[in-house]
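Notes for the one structure printed next.
Here the chain labels run A, B, C, D, E and F in written order, and each chain numbers its own residues starting at 1.
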Amino acid sequence: MAGWLPSLITETPEAGFDLAIKLARMGVKKTQPSDEVRARLRGIYEIDAGALIASSQVVAVNFQTIAAANGYWR
Amino acid sequence: MAGWLPSLITETPEAGFDLAIKLARMGVKKTQPSDEVRARLRGIYEIDAGALIASSQVVAVNFQTIAAANGYWR
Amino acid sequence: MAGWLPSLITETPEAGFDLAIKLARMGVKKTQPSDEVRARLRGIYEIDAGALIASSQVVAVNFQTIAAANGYWR
Amino acid sequence: MAGWLPSLITETPEAGFDLAIKLARMGVKKTQPSDEVRARLRGIYEIDAGALIASSQVVAVNFQTIAAANGYWR
Amino acid sequence: MAGWLPSLITETPEAGFDLAIKLARMGVKKTQPSDEVRARLRGIYEIDAGALIASSQVVAVNFQTIAAANGYWR
Amino acid sequence: MAGWLPSLITETPEAGFDLAIKLARMGVKKTQPSDEVRARLRGIYEIDAGALIASSQVVAVNFQTIAAANGYWR
């Protein structure tokens, strides 16, 4: 079974960026597994500039990992 | 189709920095897709020193990735 | 004796992500060893968007380490 | 034309550190292009310990990139 | 004389994680050398979720350094 | 003339850690050059747990750079 993260390899940089977002969200979900609570919190932080920037920071760190894994798609 | 991120390779460091900014903004946009909401939030954080410094931090992490991808344009 | 961290090597990326979460929690536990206090704090931060995003950031940094250790499971 | 970032290569570590600061400031400037607004904000954050530490963090990440680009000036 | 940091090399990942914690604490101690003040602050931040997560982040960055130094104990 | 940062190379890990602290402080000093203002701010943040942890984070990032520069003193 593949699970939610079968590989860090993606075909394109864009797919790699989407995977980075998935990792960032999974990092939240593993701490707060309730879909309902996360949906409620989402309503708050998606209109909070600081939280959105912090989210983008987590995506950036994960994208760094995925880009390295893919040899930067060169 | 190329999409928004066809490659991490840029001709110059300056173009790489601009791409780092694009990645940082895309990290926000993927969480808050509404152009209208993001425009409103922008009005707030662009006059908030802490938010601007945090934004620059996200750009710095993304630039690290892009610079590595480009062999530091040496 | 193996202890809590016998190795950074995991069979799959998914197991590596789980190990990254374990490292993040151990980083907290080493500063606050009381199970009771941590359980109480968990009740607070698991409904706090900022804290959840910050947790995901710690996981992201640890995952970067573990992914590198595993040659990105290529 | 050279632009503001012709190269990541510097002659000395010290010049590399100055370039890291330039990148950090450019990360802010690209989000807030108004010299007047940035000057006003500067008056606030240059007497705010948290903002100064956060600024130093951005410089540190950029310096990491530049130091790697320069083979650590070894 | 060995001092407090004779080497980044440790026998096991677990010892490496403990060293990462030591580095994180030393980073605080060098700015606030008073044992008494640090003990007082510890009473505050060890029951503050945000501070504990931030501490875990510092440990994660230091562990990244130590893991690389040890070739990831492979 | 050597300036304040003649090299990233140090004889020992401990000297490398001290250099990381120097870089962190220089990152602040370049934004707030006034010794008097920095001394005043220091009186505030050296008794603030969050600021001390954030400082330790900046040191950790700089130490990562310096450790890599020194081949981890292996």
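The criterion applied here is as follows: a residue touches a chain if its C-beta (ideal position, glycine included) is under 8 Å from a C-beta of that chain, and two chains touch if they have at least 3 such contacts.
None of these values were measured; they are calculated from a predicted model.
Path length between chain B and chain C in the touching-chain graph (shortest route): 2. The chains that touch both chain B and chain E are none; no such chain exists.
In a homomeric contact, the two copies may use the same or different surfaces; for chain D and chain F, under half of the interface residue numbers are shared, pointing to different surfaces. Of all chains, the one whose mean C-alpha position sits at the greatest distance from that of chain B is E.
Separating the CA-averaged centres of chain C and chain F is a span of 27 Å. Averaged C-alpha coordinates put the centre of chain C at 31 Å from the centre of chain D. With centres taken as mean Cα positions, chain C sits 15 Å from chain A. Within chain E, residues 45, 48, 50, 54-55, 57, 61, 64, 68 each touch two or more of the remaining chains.
Chain-to-chain contact here is organised cyclically: the chains close a single ring, every chain touching exactly two others.
Here the chains make one closed ring, and walking it from chain B through chain D gives B, D, F, E, C, A. Interface residues of chain E facing chain F in the complex, by the touch rule stated above, are 3-9, 23-28, 30-32, 37, 41-42, 44-45, 48, 50-51, 54-55, 57-58, 61-62, 64-65, 68-69.
Chain F contributes residues 12-14, 17-18, 21, 45-50, 52-57, 59-61, 63-64, 67-68, 72-74 to its touches with chain E in the complex.
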